[in-house]
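In the two complexes that follow, chain A is the common piece, with chain B as its partner first and chain C second.
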Partner chain A sequence: MSKLVKKIGLTLLTILLLIVGLIAGGCASSQNDAGSAGQAKEQGKEQGNEPYQIGAVIDISGNSSSLGVPERDTLLMLVDKLNQDGGINGHPVELTILDNKSEETEAVLAVKKLIEKNVLAVLGCSSSGPSMAMINTVQNAKVPMVSMAAASSIVEPVSDRQWVFKTAQSDIVTVKKIITYLKARDLTKVALLYMNNTYGDGGKAAFTTAAKENGIEIVAEEKFEASDKDMTPQLTKVKAGGAQAAIVWAIPPSASIITKNFKDMGLSIPLIHSHGVGNQKFIELAQGAAEGVILPIGKLAVASQIPDSDPQKKVLESYIADYQAKYNTQPNSFGGYAWDAFKLVVAAIEKAGPDRAAIRDELEKNTSGFAGISGIFNMSPQDHNGLGVDSMVLVQIKDGKWQLIK
Partner chain B sequence: MSDQLLQLLFSGLTLGSIYSLIALALVTTFNITGVLNLALGEFAAIGALLAISLYATGMPLIAAFILSIVLVAIMGGVLERAAIYPARRASGLTLIIITIGLSISLRGLALLIWGTDTYSLPAFSKGGPFFIGGAALNPQSIWILGLAVLTLSLLYAFFELTYAGRAVKAAVINRTAARLVGINPSTVSFWAFVGSGALGAAAGIFIAPVTMTTYDMGFMLGIKGFVAAVIGGLSNVGGAVLGGLLLGVLESYSAGLISSGLKDALAIIILLAVLLLRPQGILGVLGERKI
Partner chain C sequence: MDRFRCLMKIKKTFLWPAAVLLFLALPLVIDSNYLISVLIVIGLYTIIVQGLGILMGYAGQVSFGHGGFFGLGGYAVAIMTTRYGWHPVLALLAAIILPGLIAAIIGRPTLKLRELYLAMGTMGFGILIHTMFNEAGELTGGPSGIAGIPYLTIGGLTFDNDIKFFYLIWAVVLLVLFGINNLIRSRVGRALRAISESEHAAETAGIDTGKLKLKAFIFSALLAGLAGGLYAFYVTFVSPAPFGFNTSVQFVLMAVVGGLGTFLGPLLGAALVVLLGELLRWAIPLVIPGAGGEYEIIFFGLILVVLMIYRPEGLGAFGKISKSPMEKTPAASDVGLPESG
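The block that comes next holds the complex of A and B.
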């Protein structure tokens, strides 16, 4: 009998081991989303001039495909338009878009392929991990690269990232925006809740530093997994800690769940999210609980609400109109990052000509006051992102829509 | 402090009843067929996704609920015939590996049909949470707990009070003897998969308003359900519910009082402790019966 029990215990242990193996294997296999490399070539040989080559490595399939697909669509739309209008100084542009399947190794392989193709510059990637992975390769090959991902470490320190630029707002921009809100309302005790992944950790690190500098005390700090189903325990601590506002650094679905839990528990302090919830899905999933949530967001989402005097207004409206005409849907901020990356590179090639080093210098030195979709870019040898706090606005969710906070 | 403890208890019971439901389906199939169906989490995920898609077509919630349960039950039966039946003479471990294969295939299928998006269902009853002693209790949690209790009672009544239930138990204890008195174990196995498909789907739909649904949510559910089932003793339906609730409450308290990073580690620590110290589970009498 006890032998039998032991035997059963052993079998169950074996199963446990199997499961642990599966956690690794299963996760990897589920990310292996099928998808083919998106290739786009625009041939404009009729001009007679040799085409300029530009490359892009984008997360078209896999985990970050929701970011990559609008970026690819935006690039295809822009390159079409550019070639119709005569290209750059009479040279047509040939854009090669490769899919990195949201994976680091694929990104490196793709960028090497593009460099062999003698591209003048590389756009990509959509997410931070693959972007970081490409840095070494472009640094060594001395090819300008413009990333569309968030992590500030992609362009910092600039001394090691001479050739790398990026168009998405860094965590620190979002953090500064939130701090401004807190200070304006004299909220000095906050709770910080974040996802246990690169996104959450990045936000946590940036916010903690900025809070210290601004005399804001973090009275409760909690994390949760992306797959967690109930964040009530974490929120219980927030309730007990006496926070005056809660800052949440997460993306849906967990961001939506925590918002629901927050409302269910009857917490009445302001709930401030990061830009990670800047999509309609967040509001949809939170089922009404998102009402009143405050978040920083790029101006694209509230283009119709910003004043006409805003230098970005015209750019935003024309992007929305063009995108809607071509794809019959609203563009989002990710497409906007691609818009900025493409336009910045094209503007640099226009002035610098087909020379990688000259293009890099042009991007760094002469990008100032460039009105893009994500903000006004002012690049410098110290700042390869070039976006300030004014690139974001604070919105509050009202009736399921973003409402600009004046 | 006391309302904090109460809040954590409520949260733990909600989580725990989710685990209990999966554990119940797991234990029932295991009891009847001797197969540990590790694809159960996927049954729950597909059940929830189907119900959400049907509901989105404008169908009333209750109709979507029933239709989805029926469809997943049929799927359970088909899978049993296609994958388990041909290998019915293989060892238990082989059958478990087959169910792991099924779970990966089902997850892939769900990915193809529903993509990586997250979906949600509206809560079954309108209105906000109840407040008891300063702690909030979500109405949907009561639905989930209710389903667990109801299922437990039905299963108990079935096994102990009906002829079919006793026939099923007989088929488990001794296949040959059961066959001699006219019970067909392979028919029993078929119906066990149909039943666990229905139960899994129901569990998935009940928890969808709380947890949201993605194509891959079955994986974690399956693991937590398995841990709950092992804690409770694999052969005992009451133990499965108890194991699930215990796991949920411990997770909630460890996240709320110690550290939120500890939560998932705790499930595995408890599982290891139970396996090493009491492999028959807290209520288990496993050793006296089969294998």
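The block that comes next holds the complex of A and C.
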């Protein structure tokens, strides 16, 4: 027993020491910030140079890193530019980006760390799960959060999510765009194929509801795994079902594989994909089979084709130019979500000042006609996404490129 | 136990209440919700790894399926409270009992397997449970998970902030710690040790190894379920993602780093893995701006390798390595542990 007793004592002391280390190291600055935040703010008003803190929790590594990396790159580019241009009302902006490794528990810890740092708002996460996990924390701490993930449940019901906003289009926006296309061409019998994960699941749910409301019949419904290498069995059923069009809700590589199978089987009905295939990789992996595929997409991919009168045109072109200059590659829609989140928050701070509640109110009440990368944002107390059907356009793939459908 | 040793015990007992009290006073001193949440997460993992420690360190059976039991606890709470409107306390009970029941059912056939096959069997179970969370759309919410879990309320006390949760979770950790302390010093504990040394020898000595291994398995599942239930109340959202194979591996890692068959190994292992992860999360972006977990994992791996070279028996095994005078006291036999592992 005595040995045991010593062991417990030593262990707890070790943990105490480690914690002291953590306080001394990582949190020393944030602790001081917390203590002197009030004074600093007072001084800041006179001198106009106290930095504004903004935090971001991004899926930089792990499963969703393909989303998180362009988001991080966009944020780093934007904050550099903002500070070069003099920051917000003369205040430089300090952006802290933390990685949640695409994990939910990590996201909760990361957002708490940021709140300790007295950030005015939190951007993130990249995917829906970690975003959902952070909601309880930001609601309790009363910190505005702008997610870049798709699931509509992140901002709904708004009554339980007053502090949460998001910049990625909800599934319903994509679905409405597809429904408009189907109705315009009088296609009433469709097949629905989706990948078996959060993305496919959300698309399937939204499409099923909308199809019912619009008198479109789903004659075949099939799912496949993200790791599947052949979807011929599912497509065979579609062929037999007498569908007039096939809707596929997936992301590459499985989206590319199903497109290849579709061509190989000689199916001639229109193949409509979701916005999940809105990157060049889809076309490459489909090896030519992507020709003729129709999909709704954010305007970023077809920025050069949209008319000059479009209020987003200027914003899109400058984002593409800046991103290409810095990273030597085309930006994608995920980076666009980060662009929107950052600019929305910066615009809100500019008007509301360094006050979390005022920033939230500003985001909700005064975000109207905001031309971003993903669309024109019109937030309201009922809608914390603020994007409508006009935020997307339909494109067809021709010669390996997106071609706007008029 | 003679009178002298009793006196020694009382004297040495001074150290730990002081340490425990100091530790429990932390929330009053550190005024940082972030650090308190880190401690909460350490506590949650400690509960699971304690159970896993009994299973691996004493009964000598490995499990790569405890992420599944952890998830079963979380989902039990989520489903019972949001779908059926159960009282949180009842839901928490379900979160403990359900994994226990399932462990009892699958334990018999699974524990007949040895070594690598047992590892694969439990791994399969973990993946099965994870797949079920993803697939049982109506019940589990599919890949999107279940949101809106209410806070835990016990007799009018609502655990709605980090400090309250800190005390709740560490009360459970200490309770389990002392429960296990008693367990390993009992007949059952000695029998379990015998199994981990040699299953055949234990059988020869008249120990019902099958039954004991099953008991240890069920016990570890109960604890994982309890931690899962508490996790659900803490985050108020569950989805299949945190309960996958990676999580199971992480638990085994914590158990091994902490030290198998050592009393405080689980606590040390969980604390090291979580604190190191947090430390690296803020430290690495300071050196390389915008860098994420991809660099973290390198440092993490390096530290683990160094640790395993110099402390192959784990952090909790300090009694075995140091040649301090306390090594020579008859304390070890008192605890029921042989000196060498």
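Please note the rule applied: the second predicted complex is superposed on the first by the 358 of 406 C-alpha atoms of A that agree within 3 Å, B and C clash if a C-alpha of one lies under 4 Å from a C-alpha of the other, contacts with A are read in each partner's own complex, and residues count from 1 in each chain.
Definition applied: a residue touches a chain if its C-beta (ideal position, glycine included) is under 8 Å from a C-beta of that chain, and two chains touch if they have at least 3 such contacts.
Fair warning: this is a prediction, and the values are worked out from it, not measured in the lab.
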item	value
Touched partner set for A:Ser256, first chain B, second chain C, both or neither	first
First, second, both or neither for A:Glu71, with chain B first and chain C second	neither
Partner chain in contact with A:Asp340 - chain B first, chain C second, else both or neither	neither
Which of chain B and chain C A:Gly266 touches, first, second, both or neither	first
Partner chain in contact with A:Glu362 - chain B first, chain C second, else both or neither	neither
Touching partner for A:Glu156 - first (chain B), second (chain C), both, neither	neither
Which of chain B and chain C A:Asn196 touches, first, second, both or neither	both
Chain A: partner with more touched residues, chain B or chain C	C
Chain A positions touched by chain B in one structure and by chain C in the second	1-2, 4-9, 11-16, 18-19, 22-23, 26, 30, 65, 196
Interfacial residue positions of chain A with respect to chain B in the complex	1-2, 4-9, 11-16, 18-19, 22-23, 26, 29-30, 33, 63, 65-66, 196, 222-225, 227-230, 232-234, 236-237, 239-240, 252-253, 256-257, 264-266, 281, 284-285, 287
Of chain B, residues touching chain A in the complex	1, 4, 7-8, 10-12, 14-15, 18, 36, 38, 92-93, 96-97, 100, 104, 107-108, 111, 116-118, 120, 122-123, 128-129, 131, 136, 138, 207, 210-212, 214, 216-217, 219-220, 223, 226, 230, 234, 252-253, 255-256, 260-261, 263-264, 271-272, 275-276, 279-280, 286-288, 291
Chain C contact footprint on chain A (complex, rising order)	1-16, 18-19, 22-23, 25-27, 30-31, 34, 58, 60-62, 65, 68, 72-73, 76, 96-99, 101-106, 108-110, 112-113, 115-116, 128-129, 132-133, 135-136, 140-141, 151, 153, 160, 196-198, 201-202
Contact set on chain C toward chain A in their complex	5, 8-9, 12-13, 15-16, 18-20, 22-23, 26, 30-35, 37-39, 41-42, 134-135, 137, 142-145, 147-148, 160-161, 177, 181, 231, 235-237, 239, 241-242, 263-264, 267-268, 271, 275, 277-279, 281-283, 285, 289-294, 296-297, 316, 318-319, 326, 329, 331-332, 334-335
